[in-house]
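For clarity, chains are labelled A, B, C, D and E in written order, and residue numbers in each chain start from 1.
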Amino acid sequence: MRRIRDMMRSRAGELLREGTVNRVLGWKNGEFYYDPNPAVFETEESLDGLVYNGFSAAMLSKYLIDATKKEGRILVFLKPCDTYSFNHLLREHKVNRENTYVIGVGCDGMLDIEKLRTLGVKGIKSLDENGDDLVAHTLYGDKTLARRDILLEKCLSCKGSEHKVYDELAVVDDPWQWDTLDRFAKVGELEGMTPDERFAFWRGELSRCIRCNACRNACPVCSCLKCVFDNPRSGVQAKSNADSFEENMFHIIRAFHVAGRCTDCGECSRVCPQNIPLHLLNRKFIKDINAFYGEYQAGADVEGKSPLTEYKTGDVEPSVVYERGGA
Amino acid sequence: MPINEKGGAFNPLIVAFCCNWRSYAGADLAGSSRLNYPVNVKVIRVPCSCRVNPLFILRAFQRGADGVIMCGCHPGDCHYTSGNYFARRRTALLFSMLDFLGIEKGRTRVEWVSAAEGAKFANTMNQFAETISALGECKRLEDIRCVESEI
Amino acid sequence: MMLKLSKDKIGELFQKLASSRTLYLPIDNNGQVNFGQWTPDAVVRLDQLKTVKSAKDFFFPQTENIVAFKRQGKDISIIENRDQNEPFVVFGVRGCDARSLDILDKVFLCDPVDSFYKARRENGVIVSMACAEPEETCFCGVFGIDAAEPQGDVTIRIIGDNLYWDGKTEKGKALGESVKDLLVQATGQDLEIIKKQDERSREILSMLPLGDLSLDGFEESALLEKFNSPLWKELSQACVGCGTCTYVCPTCQCYDIQDFDTGHGIQRFRCWDSCMYSDFTLMAHGNSRKSQMERFRQRFMHKLIYYPANNDGVYSCVGCGRCVAKCPISMNIAKVIRALGVSVSV
Amino acid sequence: MQKIGVFICWCGSNIAATVDVEAVAEAVKTEPNVVFSTNYQYMCSEGGQSAIRNAIAEHGLTGIVVCACSPRMHEATFRKAAAVAGLNPYMVEIANIREQCSWIHKEKSEGTEKAIILARAAVAKLNRNVPLFAGESPVIKRALVIGGGIAGIQTALDVADAGYEVDIVEKTPTIGGKMAMLDKTFPTLDCAACILTPKMVDASAHEKINLYTYSEVESVSGFVGNFTVNIRKRARAVNSDLCTGCGVCVEKCPSKSAKSEFNQGLCNRSAIYIPFAQAIPNVPVIDRDACIKFKTGKCGICEKVCTAKAIDYDQEDEIITKQYGAVVLATGFKPISMERYDEFQYAQCPDVITSLEFERICNAAGPTKGKVLRPSDHEPPKTVVFVQCVGSRATVDCGKTYCSKICCMYTAKHAMLLREKYPDTEAYVFYIDVRTPGKSFDEFYRRAVEEYGVHYIKGMVGKVAEEDGHLIVQGSDLIADKQVVIKADMVVLAAAIEPDPTARSLGTMFTASMDTNDFFTEAHPKLRPVESPTAGIFLSGLCQGPKDIPDTVAQAGAAASKVIGLLSKDKLMGNPCVAGCSEPLCNGCSSCELVCPYGAITYEDKMVIDHGVRETRRVACVNEAVCQGCGACTVTCPSGAMDLKGFTNLQIMAEVDAICR
Amino acid sequence: MSNSAGIADMLIPQLGIVKNIRTDTPDVKTFRVEAPSGGVIFPHMPGQCAMVSIPGIGEAMFSITSSPTNTEFMEFSIKRAGYLTEWLHQMDVGQQVTVRGPYGNAFPVDTELRGKDLLFIAGGIGLAPLRSVINYVRHYRDRYGLVDIVYGARSTDDLVDIDEIRNEWIGHDNVNVHLTIDRQQEGWNGHVGFVPDYVKELKFPTTKTALICGPPIMIKFVLAALQTLGFDKSQVYTTFELRMKCGIGKCGRCNIGSKYVCKDGPVFRCDTMEELPDEY
């Protein structure tokens, strides 16, 4: 990824210099190795702060909603999964393609700092990344780790290394590759439980929700100007989980609102401060959509109708879904 | 008869969303044919099944409904040509999701009832009420603030 | 007076504490540790340095009923139905969280006193716990907090096979009385062990990477200069406007008051709010903080300048580092202090 | 704050026997903003209605709830009563305590309790009602008919006869359509041209009818009562006003190698041509792809021979913009392409032809002057095999799933005509089923078999192969349960018919929805068969589904009567219960546009004021004249910007709350 | 204040009954509210605010329009702007509301303003908070010097409670009332023009202490006008309205810099504003 970072810096520098773009949206180094934050770079000099490493997980496409309303063209670095979100935003007319210059960047899979901590690695100061081999430098000494063990949940079932949209690519010929898992495995496992078990599972998970709205605000699909949960006139406004119903309501409705639109980018689960596996709700919808209405990947293209804005006369009946036991 | 938590007889509360053009007329026909169905079923008239927002269904459960049923025109027969097709997809997904969250799936149902199917309407409601009675009170999506004893 | 208890008796201690009052301590729920009510089968995680949420919940809960109303025709009746407060213990509070209550006190206990908070504060006993293995996100030392010997009604240390119990306040001592059957006097040797442990902890604390953050320059006199700094734009760019930092923060205290129609009446409740939310200051005819930059600035100006200006220079941050660990886009107060503070020449 | 009155009807004993109306009236008094409640024997009677009017006046009611029979019964009655008293008719809500309460429950206590809850829900909803006003829009008294076949001509004539102007847009140089190509018609065997051409003449001569031939619809805007349509009148290179139709140019044209469309390519025509003798208008058109002048710049013979000076090589396409109150789609059909049917060797053997080609061959004005001759050697065939259901009733990936409906009859007609003209020629018909559900149809078919000795074989043809100048037809005889091989001289394929390919773009333009086969869908398959779901768009003829000439003419007349009904109004009153977009909430995502069955939603860049901030945003706009109020958009909209007047989110949620209290 | 349950908290409101509703302008109504047992719900000082609520509809901060010297009832002049105010405007007499307060500081009527010549400048609904002070000053007329009142609105229809101004203020000892409307209107023979311009025209001597309230833009221009006349900012007081929720400086949304409008305001002396960031 260091090689890709160098390509990114040099191309961004060139594009700024030649005036193709007037800003660059990327990741900026932070206090530690693992906390780069999305940032806009306006000068060539500032690009020294541009980083791209295993912790550049934050997706950039959503920032383009505001960024492309501004004057001039902005360069953005999109990882393969982020290109789906970008396409989705294009489809819904939320970003202005003309004001965007997309460089698709290769990705070795993003890392989960929480997993690192769970493995007992405390006081992390920095990390050396070299394909699967990682060395963590900590307050309490160095530790060697395998990349595959600390990949983010979303990267375990990566959609692949193909960029769905880009103006140019910054990739390497020999990227590190890893075995991906069936993204519906956990959904299937839950479907196999009894309703009581499922209820207990979700109550346990959702009871941790603090309604910080990170899942919503990080979601590239949840980009309503005014969310129904913030709108006093919507009849369902709620700021906190005053009752367990509201946790359920918030997450069901959020998942439903993005059903057929969710690109399965996994940001919701990544950003959740309580590690609630919110992506499972989205994946349940995706799994059902695929089973009932045919395979559909939101954000794979810009045109066409999404599953909930179209229908077939021979669609499966809800009663059949009911008898089938979900899916 | 099932007993509720407070020890009284369990009277399930069932909310039925019916489209104005067919299912509501079907319910009317059940009435004019004097076909009995449980008093627990309360019908809300909507122009089309596609008007039923998942929010309404969740709201009903929040406020203590024990079962929610949506009735619309038979597929292909929608007054608005395609409304029930959209409604069919939405409810199939929503109800599957509620099941996924552990809400017993017997509590939600979709039925297509035409204006001529008074008997079907009554039968459906009888069956549904039976299912709900067997399942008992729905606590999993209820908002405890809305329970009568509270403010 | 330093008391001690063998670590294997800790379960008995919890049992005993829970018998007379509600006991809250760090409990694991599927990998995430939060303060929760103790039950015999709860997975207690005293080894967890940071709970996701802080201990402020028990004094300033995320949601709490204030008052209820019934409306009938033109008439309104006001029904006071506030929760009855019962004594409780929060066990295993780290130094940062323990200090955060002082900060909340200055807000809620100043005139006019918030009676809801005050009642909880009086009913609650804080059992704080020393940190032996701080993390790189910690910077409590910057705010003068000694994590090796935190404040609290009782301070405990877990060293080796023992739990050391140090009752500090009247409340703390009374709590110690209630479990005195389980505690024995610490020996001189124990005190030596404690001293060594404290020293070791302090050594690590002094090496923390964020330990060199400097608050120089965050004075009331710099209010306008900081407010008008061009750096806010750059710092806030990435902010997605969620409330994670505010909700995990032990010192954030903004709230909203809302009404809920239960169908039988109106329940008025108070709930946490976040100045990071776009609708925080939204009014029908406009918003005094229109952009995320203004909202972002408000949060940090409040913590680093406004609050100290009103409270004798005490910052509204305890360096717990939760926002550092939890921000979805890795923006946090440490970066803000670094960017806006006066750089200390090395 | 509202002042609500609640009126409980006894409906004689229909309600009062199972519902304690007094108790209901008493119970609703405590509901929010209810200031008055009463009960009465028959609310719908004059007495009941005057009670409503009096109460509105006396108590200054802002809304009323009538607890009575189904709203499907008397909602209109009570709305009218309220309007008379000066109340907005949409400030009336009905609680159905008869059909959905008293008639289905026996216990009075139960019935009463439920009636109270239903009344409460109606009050709760009414508390969220606001007065609604129906929009009005004027009706342009002119109709547009797209397609100049028999369907279009008939619709146009009927509408014009009622006194309204009609324009016909036809993409080919002449009106007449497919029917003009037919020889005789089943089951009466009268000459198609003899019955069609007078109608064509009527249409062209009608003072209210205006023909745009060789023209296409370019774009459309507007809605029912007021469509604005741009019509591209393609350049004929012949000035219609000057042309006398003498035909000299056609005769003298040196380029004579273009395939005649009218004769299905069975013979050639000149570059400047009139499709057929009775074409209307009788004005030639220059085929620019075939014309030497257009290709090389040299020639110009037609110009030289034209004494009327009607030839105009510089003529350009003309865009005509006109307004219409109603649009009739009569775009017709075409046989499907046979190119893919290799088993029948259509592309390879000239003597394998389609039924429409056979029509031309039989026709006296056709390429063979009515003699049935093989296209390959111009010899009369001795054995002709007719294959039915070619591409009809097939699987999705091969042909059409539907029955083309007309093939059984025309095949019987062809076989019969063949045997009549050439008694020594054998006719075989391979069929799956023979379908004859029409007046005199079965008799006609039986005559073919019994009187004309046509051999009907139940089974499909598996293969056609050319061998020594003959066509070897291999098929199965399902009744005899054996394979049959016929040495034929000509094979006629009853090709499935499909909508004309222009229908799809027109469908998109007019937001007339289509089924998977590209047939236009009806507003209701049974009750509104000639209307498209989009208001003001009507369907005539084959574009809606396969049908024969009498059905087409009947439907054309039906469509005309609907058009007349619409045009007879001076203005249209809208349904006020339509969707509306709250612009500050709209994200511009287009989801609602995708689910709207009526094309009532468009997107525009608009200045939006959102909490004091002014911004230009892409927002949804609902055309209230087009919206029918189904509400599909309201649920698709994630931000809740779309709401449905009369059934708003808050209204329905208030009902839910009241019921679940 | 006690901590035990059942004891009042500043967040818990009291009942009030709407006894009279006066329509002042097309979008302003003044509500007279009394405690159920009669009289004011709580005492206040001029410039202070109260939170008025209809439970389930909303709660919002309004300045108390009536003078503290009036112990019979409290008045609130409320402009129709949002959901709650819409609802309040539809109320009938007899409706109960909830009220809590008083909140915020007051105009320093008993300290800095004592003995001063006072100049009140208001625009539109901005008269509401000043009316409390004006009537207070009129009640204790001898404690203050000359009183000038400049009041303007878009049109005659928009002048709040013109009857009281005409019948009671004009003609009161040493009280000069200067009315103006933005544009000429039939039947109006008074001054026409914007308030800030009128203030400049009237050339008030700098011996006066000014109290201004109105739309933010008007306050800005009036302040500038006064400065051109030679006024110092320390002679000018104004009052703010920013989104307030708790009323007691704890909920964290109405602050301007380190000052809470609900607690440290709503009355600010203009020179102190200079130290505050421009975020209102």
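Remarks
Everything that follows uses one rule, which is that a residue touches a chain if its C-beta (ideal position, glycine included) is under 8 Å from a C-beta of that chain, and two chains touch if they have at least 3 such contacts.
All values derive from a computational prediction rather than experimental measurement.
Under the contact definition, chain C and chain D share the contacting chains A, B, E.
Setting chain A aside and leaving every other chain in place, the chains that still touch stay joined as one piece.
When the partners of chain A are compared with those of chain B, the chains appearing in both lists are C, D. When each chain is reduced to the average of its Cα atoms, D sits farthest from chain C. Taking the CA centroid of chain E as reference, the farthest chain centroid is that of D. Two chain pairs, C-E and D-E, are compared here, and C-E has more C-beta pairs in contact (counted per touch definition above). One simple way to say how far apart two chains are is to compare their mean CA positions; for chain B and chain E this gives 53 Å. The mean-CA centres of chain A and chain C are about 30 angstrom from one another, to the nearest whole unit. One finds 45 Å separating the Cα centroids of chain A and chain D.
Chain C has residues 69, 71, 256, 260-261, 263-264, 266, 273, 282-285 in contact with two or more other chains.
Taken residue by residue, chain A touches two or more other chains at 228, 233, 235, 242, 308-309, 313, whereas all remaining positions touch fewer.
Within chain B, contacts with two or more other chains are made by residues 54-55, 59, 63, 76, 82, 86, 90, 143, 145-146.
By the touch criterion stated above, chain B contacts chain A in their complex at residues 54-55, 58-59, 62, 75-76, 82, 85-86, 88-105, 108-111, 140-145. If you check the complex, the residues on chain A that touch chain B are 187, 190-191, 195-203, 228, 235-236, 242-246, 248-249, 252-253, 255-256, 259, 281, 284-285, 288-289, 292-293, 307-309, 311-313, 315-319, 321-322, 325-327.
For chain D in complex with chain B, the residues that touch the partner chain are 70-72, 96, 98-101, 103-107, 110-111, 113-114, 117-118, 121, 513, 521, 523-525, 533, 577, 595, 597, 628-632, 634-636, 644, 647, 649, 652-653, 655-657, 659-661.
Considering their complex, residues 66-67, 69, 71, 74-76, 78, 80, 82-85, 107-108, 112-116, 118-119, 122, 220, 223-224, 227-228, 253-257, 259, 261, 266, 268, 270, 273, 275, 280-285, 288-289, 294, 298, 301-302, 305-307, 309-310 of chain C touch chain E.
Within the complex, the chain C residues that touch chain B are 68-70, 79, 81, 260, 262-267.
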